[in-house]
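Next come two complexes built around chain A: one with chain B, the other with chain C.
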Partner chain A sequence: MNDRLLDFAIRYGFLILLAGMVVYFSLAAPGFFGPLSAAFVLQSVAITGILALGVTCTLVVGGFDLSIGAVATSALMLSAYSMVILEHPTLVAVLLCLAMGAFVGLVNGLLIVKFRVPDLLATLGMMFLLIGLQRIPTQGNSIATGMMLSDGRVAEGTFSAAFLWLGRHRFDLVIDRLLPMPVVIFVSIAVLVWLFLGFTRHGRLMYAIGSNARAAALVGTPVNRYKIAAYMISGVTASIGGILLAARLGRGDIASGNNLLLDSVAAALIGFAVLGAARPNAFGTAIGALFVGILLQGMTMMNAPYYTQDFVKGAVLVAALVFTFYLSSRRSGAGH
Partner chain B sequence: MAGDALTITGLQKSFGRNHVLRGIDLGLAPGSVTVLMGANGAGKSTLVKVICGHHAADGGQMVLAGRPFAPEDAADAIARGVVTVHQSIDDGVIPDLDVANNLMLDRLVERGRGLFVRGRAMRAEAAKIAAAMGIEVNLRARVSDLSVADRQMIAIARAMARAPKVLILDEPTSSLSATEADRLFALIDRLRAQGVAILYISHRMSDIRRLADTIVVMRDGAVSGVFDTAPLDYEAAVTAMLGHRMTEVDVDVQHGAAPVLDLSGLRLHPEAAPIELQARDGEVVAIVGLLGSGKSRLAEILFGMARPAAGSMAIHGQAYAPRSVGDAVAKGVFMSPKDRGTNAVIPAFDIADNMTLPFLKGLSTGSFLNAGRQRAETRSMIDRLGIVCQSPHDGIGTLSGGNQQKVMIARWLLEPCRVLLLDEPFQGVDIGARRDIGRHIRATAPGRATLVFLAEIDEALEIADRIVVMSEGAVAGEHINRNIDLAALVADISGSAAASGTTDRPT
Partner chain C sequence: MLRRHFMALASAASLALGAGAATAQQAPAPLDNPGDVTIALVRYLSTGDFFQAYLSGVETQAEALGVNLRVLDSRQDAALQADMVDQAIALGVDGIIIQHGLTESMRDAAQRAVEAGIKVVAFDVNVENDAIPQIEQSDYLLGKLALEQAIEDNGDSFTAGYVYVPGIAPLDRRHVAWEEIKEANPGIEEAARIGTLDNPIANANANQARAALQANPGISVFFAPYNEFAKGVKIAADELGLSGQMSIYSADISTADIALMREPGSAWKATVATNPAVVGEVSVRALALMLAGEDPGASVIVPPTLITQTFLNDENIRNMEDLGAKMPQFQHADVAMADWMPLPPR
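== the complex of A and B ==
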C-alpha cells in the first residue's frame, strides 16, 4: 500500500501540485483565472520554453548546453544587424539566424565529440565567446532603427512588418487577438520534440546514448553523429527563441535575454519530475516552463515583489530535483 | 609456517548471502614470490582487499610477523607494513605531480613536517629511493608524461619507501609490453633478495613461470591447489584454476557445411604469430584462453572495434574489413559483448527497448517506431529463451543476471546474421540460464558461423563443436569436442608447448 502511494506521488505529485496552484490562485487572486491571464502566462514562458526544449535534447544524450542563452541573444543581435544595418529582407534575416544556431551547435558538438572537451566546459566556452562576439560589430551598442553608425551614417533599415509579426501577432481564440504567435511556435516545437524524442527510433537511440553510450555504440549506433545532432537541435531552437525575442522587442537590445539560460535549464530540470519520468522529456519540460510561469504570474497578481521571483524559481527547482532523485531512488530501492 | 611474514588461516568474507571467501589458508614467506591464480569471481580481489584493509574479514585470522593483524583501514595496513599496488596504477600515483613529489608523497602527509615543501631536500631524498630501486627517470618529469611501466615502477617505489614486510602486486603486467615487464621483474627480483614477502596476482603464464616460487590457486572462494615444489607443475595449477567437472550436456558435434568466416595471416599485434582460422556454416567454435591470451582482441577486430596489425578476413569469400561497429553489423557480423553491465545493458530502458535496440530501423515506419511490432518480436523471444518476466515493458533492472543476459543474447538473434560472436555469454549467469542460452545458440546455429569466446573449459565443452585455444595472441591448439583429451587441452591453454624452449616470454 505504501509503495503504491509512493508510486502515485512520484507519478502525479507534480501535476497535482500544478493543479492545486491554479485552483489556489484562481480563488485568491481575482482575474487570475481567464483566457487573458492564461495567454499572458503562455506568452511569458514561450521563449524560455523553446530554449528549454532544445536543452532537453542535449540532456537526453547525457550532455548539457550552457550556450543556449548566448545563442539566443546572438540571434537577437544578428537579426537586428541583418535587417537594420544590412537591410536584408525578413527571410534572409531568419535564415541567417537559424544557420548561425545550427553552426554553433555543430561546433559545440565537434568540440565535445572530436576534441573530447567535457560538455559543460565546451558550451561554457562557447557562451563566453558568443557573448563577446555579438557585441563586436556594433562596438557594444544596441541596434535600433536610426542609430548612428561608426562611419557617421545613420542606419536606414527597419524591422520589417513580417518580422515583427512573428513576435507580436495574436491569433483570435475565444476572444479577439488572444493567442500570441510565439506561443503557437512554442507549442508546435514542443509537439515536434515530444514526437521526435518519444516516438521515433532516433529519439530512442538518443535516450540509449544518454543511458549507456558504450552499449549504444556496441549495437552500431553512430553515437557521435547523434550527439552532434542534439547540440545542433539545441542551437537551432535557441536561435528561434532569439528571433522571437527580437521580433517582440523590435530592437537589437544588448541587455535583454540575461535570464534565458538559467530559466530554461530550470524548466528542463523541473521536467524530470513530471509523471515520475526521472529523465529529460519534452512533455515534462513544457510543463516545467508552465509551472514556473503560472507561479510567477499568480504571485505577481497577489502583489509579491518582483525581487522574490528568482528565489521562488530556485525553490521550485530544488523541490523538483529532490522529488525526482530522492523519491525515485526510494522507489527503485523498493522494487528489488 | 612459523617463519612466514604473513599467515592467513580460515579467512572468510561474505557479502550478504554471497560467500566470497570460504576459509582461505595462505602463508607468505619472506624473500619469496607467491603467485595467486584464479578465474574471474574466484575471490582473489576480495582476498587482496581484506589483506590491505579495505574490507574487514568475517572470520578467520591473519598473523603478521608473529602478531595478530586486523587492519582497520588501508592506512593502518600500510603503517603496519602491508603495502598493495593495485591493478589500475593511477591509484598509486598522482599524475599531475612530478616524480620526486610522487616518491615523497607519503612524507608530505606526515604531521610535523613543516608547512613549506623544501624542493631541493626532497629531490635529494627521492633520488636516493629511485637509485635503490634502479629507476632511471628524470625526477622533475611529470608522472602523466611517463610510460605505463615507469608509472608502475614509481607506484612500487613509493610503496617500498615504507620498507614493507609484505608487498601485494595485483596484475601489474596487464598493461605492460614484454620489455617493460622485464624491467618490472628485475625490480621484483631485487625486492625478493631484500627479503620482502611478495604476493603476485596474475593470469599470465609467462609472468608466473618467470617469478613464481609458490603458486596458490583459488576457485569459488577457496584454495583449490598449492604448488611449491620445484619444478612447479603449471598444468596442474591451470587445471585447479579452471576445474573442469565433467558436464552432463552432450554435444552432438557438427562439422559444419561451407566455410563462412576465413581468417588468414591475421596478426593481433605486430609481434604476435599469425592466426589461420576458418569457421563453417552451422558450426559453433569456442575460442578459449586465459586473460590476456588475445581472444578479446580477436573479438574486437572481428566486430570492427580494432584493426589487425596484418592479415585479412573474408566472409563467404568476400573480403571483410569492418571500419566500425555499425559497418560490421551492416555486413551481418553481430556481437554480444562481455561485461553486459558496461557494454550492453541500457539501464533506463525496458526489456523490449533493450532487446530491439540494434534493429529499430526495421521496426519503424519512416522514422516512427512501431511499438506493437517491437512488443510482438520481444514476446516471441521471451517465450523462445524462457526469460522470466511479467511483460516486455518490465525495466531491465528488475530482471536477474541470467535473464538480463538472455535479453542481451536475444538482441542479436532477432535477425539472421552471417557470423555471430558471443564474448563471455555466460558471465554472471546461473547454470539454468546457461543451459537455456547454450541450447538456443546451438539450435539456431545453422545458417551462420558462431564464435564463442570463453575463459572456462566447462562452458566450452558444453556449447562448442570445436575448441580453438589461444595463447600469447596466437592459436595454440585446436580440438574437436568429442572424446576430448583434456590434458592436451589444458596444456595448450597454459602454453606449456610454447614454453618448452629456452625463453619464457617471446620478445
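== the complex of A and C ==
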C-alpha cells in the first residue's frame, strides 16, 4: 500500500502540484484564468523552453551544453547584423543563424569527442568565446536601425516584417489573435524532440549512450557521431530561440544570455521529475518550463518582487531534484 | 604608426589654430604641454550602450585636450577595480577618473591616489573624499522631469504601474522622485510594481509587465525609469493591444529607443536623458580643470533633457546624432568649462 502511494506520488506528484498551482492562482489573481493568460504564459516560456529542449538532447547522451544562452544571444546579434547592417532578406538572416547554431554545436561536439575536453569545460569555453565574439563587429554596441556605423554611414536596414512575424504574429484560436507564433514553434519542437528521443531508433541509442557509452559502443553504436549530433541539435534549437528573441525585441540587444541558460537548464532538470521519469525527457522539459512560467506569471500578477521569484524558482528546482534522485532511488530499491 | 603621426599632426594643427584664434586662451600648465599628461579611466561597468557611449565621450574629450588616456576596465570586479587604481598610481598618471564602483572598495584606493598627488574625479560613485569631485547625471531630476511630463499629459490622478529594482544606485535615486510625486499627488495610485534585471532585461520585464497589465487593466500610465524597462513595458503593451490606452514615461535614450518611441501609435510618450557621451566629456573636463589648479566644485551635475515623442516626430529624428543636432543641450553641457578648454569637434 505504502509502495503504491509512493509510486503514485513520484509519477503524478508534479502534475498535481502544477494543477494545484493553477487553481490557486485562478482564485487569488484576477485575470489569471483564461485563454489569453494561458497563451501569454506559454509565450513567456517558449524561448527558454526551446533552449531547454536542446539541452535535454545533450543531457540524454550524458553531456551538458553551457553555451546555449550565448548561442541564443549570438543568433540575436547575428540576425540583427545581417538585416540591419548587411540588409539581407529574412530568409538569409534565419538561415545564417541556424547555420551558426549548427556550426557551434559541431565545434562543441568535436572538442568533446575528438579532443577529449570534458563537456562542461568545452561548452563553458565556447560560451565565453561567443559572448565576446558577438560584440566584436559592433564594438560592444547594440544594433538598431538608424545607428551610426564606424565608417560614418547610418545603418538603413530594418528588421523585415516577415522576420518580426516570427516573434510577434498571433494566430486566431478560440478568440482572435490568441496563439503567438513562438508558442507554435515551441510546441512543434517539443513534439519533434519527444518523438525523436522516445520513438526512434536514434533516440533510443542516444539514451543507451547516456546510460553506458562503452556498452553502447560495444554493440556497434557510432557513439561519437551521436554525441556530435546531440550538440548540433542543441546549437540549432538555441539559435531558433535567439531568432525568436530578436523578432520579439526588434533589435540586436547586447546581452550575455546567462539567465536564458540558467532558466532552461532549470526547466530540463525539473523535467526529470515529471511522471517519475528520473531521466531527461522532452515531455518533462516542456512541463518543467511551463511550471516555472505559470509560477512567475501568477506571482507577478500578485505583485511579488523579483527576488521572491528567484527564491521560488530555486525551491521548485530543489524539490524536483529530491523527487528525482531520492524518491526514485527508494522506489527502485523497493522494487528489487 | 602612420595613423599616430597623422593624429599628432592633426592635434598640433588644431592646437595651432586654437592658439591663433584666441591668443589669450593658452591652456595653463601642465595642459600647455598635453602630450606629457596621462589620465586613467578606471571602470567598474562597461557592457552596454550607455557605457560604450560614455567611453567615447571620454576618448573624444581627451583627444581634444591632447592628453594621453589609459583605460582600465575591471568588468564589475570591485576588488580588481581598487587594484587598478593602484596600478594607475604606479604608472605615474596625472589624473584618474573613477567610473562607477562600490563605495566600500573604492574609498581607500581613491584616498591613496589623492595622497600620491594625483587628481581624481568620480562618476556615479561616492568615494567619501572631499578632494574628489563627484560627476553626476542627476538621476533624481531624470525621474522628476519624466513624471512632471506624465502629469502634464494625464492629469494628476491616474492608475499607474511602476518598474523598480531596489539596490541599484541610479534607480534608487529615481525612485525618490516617484515617492515624492505620489506623496504630492494623492490621486496617483500605484497598482502594480514590477522589475527585474534578468537578462535580456527588456524580454524579462516584458513578461512581467504583461502579467501586471492583465491583472490591473485600469493602468493608464507606466513609469519605467530605465530604457530597457520601458522597452519591456512597450512590448507588453503591444502584445496586449493596449498601446492606445496607456502611456509610458521613462529615462535614458538610445538610437533603438528613438525608433520605438516613433512607431505609429507607440505608448512610449516621453523619456528624460543625459547624453552619456556628454557625461564622459564632462568627466574629463572636470579632471582637466583640477590638473590646471582650478576647482570644478564638489559636485558637477550634468543636467538632463526631456525628449517627447511629439518632438522626435516633429523634427524627424532618427538617431542619437540627429537628436544632438536638433537639441543642442543634448549635444553639449555647459558645465566644467573654461575659456582655454578645447572642445571635441562637432
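Going forward, the second predicted complex is superposed on the first by the 333 of 336 C-alpha atoms of A that agree within 3 Å, B and C clash if a C-alpha of one lies under 4 Å from a C-alpha of the other, contacts with A are read in each partner's own complex, and residues count from 1 in each chain.
Just so we're on the same page, a contact is a pair of C-beta atoms (placed from the backbone, for glycine too) under 8 Å apart; a residue touches a chain by one contact, two chains touch by 3 or more.
Treat the numbers as computed from the prediction; the structure is a model and nothing was measured.
Enquirer: Have a look at chain B and chain C on chain A after the superposition and call it: clash or fit.
Expert: fit
Enquirer: For the three-chain arrangement built by superposition, which of chain B and chain C touches the greater number of chain A residues?
Expert: On the superposition, C touches more of the residues of chain A.
Enquirer: Would you sort A:31 into first (chain B), second (chain C), both or neither based on which partner it touches?
Expert: A:31 contacts chain C only, not chain B.
Enquirer: Give one of first, second, both or neither to describe whether A:208 is in contact with chain B, with chain C, with both, or with none.
Expert: In the superposition, A:208 contacts chain B only.
Enquirer: Just to be sure I read the superposition right, which of the two partners does A:306 touch: chain B = first, chain C = second, or both, or neither?
Expert: second
Enquirer: For A:257 in the superposed arrangement: first (chain B), second (chain C), both or neither?
Expert: The second partner, chain C, only.
Enquirer: Looking at A:221, would you say it contacts chain B, chain C, both, or neither? Reply first, second, both or neither.
Expert: first
Enquirer: Taking the superposed arrangement, what is the smallest distance in Å from a C-alpha atom of chain B to one of chain C?
Expert: Distance of closest C-alpha approach: 29 Å.
Enquirer: In their complex, what parts of chain A are in touch with chain B?
Expert: Where chain A meets chain B, its residues are 195, 199-202, 204-205, 207-208, 210-212, 214-222, 279, 332, 335-336.
Enquirer: Going by the contact rule set out above, which residues of chain C touch chain A in the complex?
Expert: Residue list for chain C touching chain A: 46-49, 52, 165, 192-204, 206-208, 210-212, 214-215, 217, 231, 235, 238-239, 241, 254-256, 258-260, 318-321.
Enquirer: Mind listing the chain A positions that touch chain C in their complex?
Expert: These residues of chain A touch chain C: 29-32, 36-37, 40, 43-44, 47, 73, 76, 139-142, 144-148, 154, 168, 177, 180, 245, 248-251, 253-260, 296-298, 300-303, 305-306, 309.
Enquirer: In their shared complex, at which residues does chain B touch chain A?
Expert: 303, 305, 324-326, 328-330, 335, 337, 342-349, 353, 357-358, 360-361, 363-364, 367-369, 395, 397-398, 411
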